[in-house]
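In the two complexes below, chain A is the common chain; its partner is chain B in one and chain C in the other.
What follows is the complex of A and B.
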């Protein structure tokens, strides 16, 4: 199982400055969170799916499809319990609560997709440098980006170890939830051990390359905002300003919705 | 809280922040698809066993790891939203309180054995108490904010988060800690083996600080729930009643202040014990 989410392509999105990609990522969250009506979320959905298409990052969405499908199904059903409306359809489902559930599901899928675009198109060192240039302390930025990179590695290790144990006859599929968790716990220990054990080697590797030697460090990698970065940023900022304005004007609400 | 900032000068601590965040996030994401309680806000979280365990082993790195891990979990689990801001702070305290409180909780951890394990009944009890206190602190921080912003009612959410955090920690925590401690100790990765004592806040009135932390967390939970159910008409098992009520906001606020004050009073230095060289 390939744990790396970065895709080594040379797409337009890949070539953008990491600062541009981080700002787009954050602004897209603002745009996603503004509206209750799923139809009003479609423009931002189109933009994020366009990013996925241009960067060829649908490959990574496909890799997490099972998680996405399960989350979406749960979300589509459960949000109906937490919202009511005026037009009753059946059981606990109202027209308004259904559209609200669709909007919340879309919100979730879009947030995950926006994150996947960022990680699929930005190398770790670019992400760190981008965070530093945006004002995050170097060490904090390093910790965040390393954690982001390690998540799929840990997930991959868990799968590998569970497959190895299954091949030796461990039955992880039978029993109730408690029994399954109990059987799964011993599998986690090798994952932790292998992950935590690497700390000292990791630290030595970093320090041998001068990590933390000086307070202010220089970087081999030089970031430079190009014309395309400014154009994309200008477009995204204008898009978000327009979305915020429309939201303040009262557009994108689900009339008759009573949530919580 | 000095060590929360001074730890960033230690390379190993930075790596431990990344590792604990990644492990926490990975298992949060796996269980996002498990049993949602409020979709987009919280779900059944067995991964909440990690913050108290990583807190005892990695100290402030465990606290930052919990905060960053929760944020990454929200990001890739599709639950990033307005609640994630205080989710960051709530989870930070879930990983911050255990190591600060461990050596000061009613003298349950003897001064001659400050090892971060549950190798005696008293230390096991200490672990359960600090897990409960940290769970409640995390819960009231998140629920206070989400009630204020009228997203989820305080009574329901604070109880849900407390039980969610505590259930995972109380059952799986001691097992995980006993499995990890010997190895982590052997590799010299316990936080007291990495950091220098002078880089940790000296604290003052630690006994009183421990009491204030317990009162701030559990008191805030109890008073907040009583006010929310009494004045605002909220229920523990539903979404009825008024949210964003000034009464809930004002009732919980002093307890949040107590948690901050207690954080400044507690130290963690008491866990730095000179080890005798057996050779």
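What follows is the complex of A and C.
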């Protein structure tokens, strides 16, 4: 089963230096967090969607669609509880609180999307190397990449395990909530155990290839910032500076919103 | 003058909390450039011994290590695994877990990077080793898209990139199809010719040990026999008593009373021709006729596939127009290369997969109209890895899972579970923790938990993988017993000797299509076609093919020898 997160598409974004992509990722968080008004978030949204489009990473968004939809629905409803406004619509929903909820939902979706762009366009090793070059210690960078690596492993063993249990008559689609949760036990235990087992072998294989044998290590991958990297970074930095300025000037607030 | 690179004296190891020693006084010298194969039953201490060579013991496994172990002048106890990795390379059985890079080049680069080699040197080692194992064309591919055999070759290349002086491989080919196995062994044959590299391989399959300089048998943590390959492998009786698979050819000659025992098919043919022995053609004809008659009696189709097609992502057809019938009471083997569609096909029989086009029916009703839950009562499916399904605290609970889901009363559940455990030889083990059992024990629990649903048809995906010879035999004898008691059996396997001895009929899959089918004897007679499907009959069958009549195992041929028939 193909459960890799990295998409081997060789797009413009794929070819950018990982450092550029990590910086874009961090800066888009800044830009996303600046404004309360969802309309003011649209420019960032457009940029991130453009990245998704160019890198053909919508495939990964599509894979997590169910999760995104559920989270968005909850977010759209729940944030209304944490804000009040002046224009009352119905029950606990105000016009302002509604826009606030939309903005919070957008924030979450955009942050996830920015992460998806980074992971779908950057190889694990590039990500580690990018982080190291940006000053993160090797072991920390490696830990991050190991965590990402576990995702496809767990996903594919979950598929096999759920097939095995369904063959034994486990029906995950019926029963009330509590019954359904209880039905996940036959899935969780084997997933847990097989993950621990493969992590153990992974650790042995790592050391058997000399992981940590020397104080310093070299890297076969070579990173090189190119013209396109500087252009993209220049644009992104200008964009964020503009956004920060506008935000300091007081634009992008939701007037009449009281949140607690 | 032999120069020992590994010196082991009276080595003992106990895993923490286990009373029985895993290694119980091992004495072993391995010389520079030597190729040593270690064989023995499960839990004999083979992997434990291998783990001491690169100091995984005592660094990774807790326990008590006593005795002396010296590898190229280093006491492994004072070394970390990473430090040892520049002299000892280690290849594991589970190639899925040992590869972790996103492309082939980087996988090989990882080791030299850790030793801070310069870029040019890393590049040189990547080129050299990928070329050596024949993966040059795959440099940019993610390892996850490679076939099993290619993955294991990559694992070997990535370890060789560290320029080790000793290479230890722990059952490197267990999960591979016969031709991929040969591919990996072709590499080891080249490696063993290098006199600067010492090879130590743990292996289950005796045919693969033929190229070694020496073979050692280990049981219960002790070396029971060690010597030159020919001398050890012709000791058929010791091998059988140790639970190591004896080679069919020497076994046959031994039973015929020959004094010189040949090992390979070619040696066998020459020895046979000069011996003056003859196969009695009437006895052979009679055997074949009886077999045909028995199969003709099976006429009630249980599973029928018509033009079955399936694809995972609409690009590559995993199954492409498969039509087949499986009859009640049959015992069928499905064989083929990794990725040929065997498992995909079998998962259609119990409704886990539904055909994208064409039809599969069980008992005359299309699977689409039945669904997994309903089909599960008729078609039991034992997955390859028992650890993918075991979750309960006791064996009883595990086996009772299916009957309880099917709403049987507690008394009925008890009866069913007792019957199922009896059938797999685990009666009396109800209260044990399934996780405390050996692999073969867990495999039996998995089979029992499927039997408890009382299926008419039992599918077993690789039931003998990871088991030793004796366990494989007892597992398959149990399956045959179930077949004799009326169950229809379908098993998927890479072990050709299991097919030869246990299957009544064989389906050979290749690239999503049914490539060959027939009685086991008919299929094994087509050695050349099998080769194109990446399969190879056991040595003994190859030997008998060359003599003109296909015999599946030595006992069968012995019965048909001139002067031996009744």
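What we mean here is this: the second predicted complex is superposed on the first by the 243 of 260 C-alpha atoms of A that agree within 3 Å, B and C clash if a C-alpha of one lies under 4 Å from a C-alpha of the other, contacts with A are read in each partner's own complex, and residues count from 1 in each chain.
By our rule, a contact is a pair of C-beta atoms (placed from the backbone, for glycine too) under 8 Å apart; a residue touches a chain by one contact, two chains touch by 3 or more.
Everything numeric here is computed off the predicted structure, so don't read it as measured data.
Visitor: Could you tell me if A:209 is touching chain B, chain C, both of them or neither one (first, second, both, neither)?
Guide: second
Visitor: Report for A:39: first if it touches chain B alone, second if chain C alone, otherwise both or neither.
Guide: In the superposition, A:39 touches no partner, neither chain B nor chain C.
Visitor: A:185 in the overlay: touching chain B, chain C, both, or neither? Say first, second, both or neither.
Guide: Both partners, chain B and chain C.
Visitor: For A:154, using the defined touch cut-off, is the partner it touches chain B, chain C, both, or neither? Pick first, second, both or neither.
Guide: The first partner, chain B, only.
Visitor: Look at A:134 in the shared chain and tell me whether it touches chain B only, chain C only, both, or neither; answer first, second, both or neither.
Guide: neither
Visitor: Examine A:242 and indicate which partner it touches, taking first as chain B and second as chain C; both and neither are also allowed.
Guide: Touch status of A:242: no partner.
Visitor: Mind working out whether A:193 is in touch with chain B, chain C, both or neither, as first, second, both or neither?
Guide: both
Visitor: Please indicate which partner A:104 is in contact with in the superposed arrangement: first for chain B, second for chain C, both, or neither.
Guide: In the superposition, A:104 touches chain B alone.
Visitor: Which partner chains sit in contact with A:231 here, chain B, chain C, both or neither? Use first/second/both/neither.
Guide: After superposing on A, A:231 lies clear of both chain B and chain C.
Visitor: Once the two structures are fitted together, what part of chain A is touched by chain B and by chain C alike?
Guide: Shared contact residues on chain A (touching chain B in one complex, chain C in the other): 149, 185, 188-189, 193, 197, 202-203, 206-207, 211-212.
Visitor: Note which residues of chain B are touching chain A in the complex, please.
Guide: 8-9, 11-12, 14-19, 21-23, 25-26, 29-30, 32-33, 36, 38-40, 46, 64-65, 68-69, 72, 75-82, 150-153, 172, 175-176, 179-180, 183-184, 187-189, 239, 243
Visitor: Within their complex, state which residues of chain C touch chain A.
Guide: Interface residues on chain C, with respect to chain A: 54, 56, 59-60, 80-83, 85-86, 89-90, 92, 94, 96-98, 100-103, 105-106, 109-119, 122-123, 126, 142, 144, 158-159, 162, 312-313, 347, 350, 352, 372-373, 376-377, 380-381, 383, 385, 387-391, 401-402, 405-406, 435, 449-450, 453.
Visitor: What does chain A use to touch chain C in their complex?
Guide: Against chain C, chain A makes touches at 1-2, 4, 6, 8, 123-125, 149, 152, 157, 160-161, 163-171, 185-186, 188-190, 193-194, 197-198, 201-214, 216-222.
Visitor: Going by the contact rule set out above, which residues of chain A touch chain B in the complex?
Guide: On the chain A side, the touching residues are 29, 33, 66-67, 70-71, 74-75, 78-79, 82, 104, 107-109, 111-112, 115, 137, 139-140, 142-144, 146-151, 153-155, 158, 181, 185, 188-189, 191-193, 195-197, 199-200, 202-203, 206-207, 211-212, 260.
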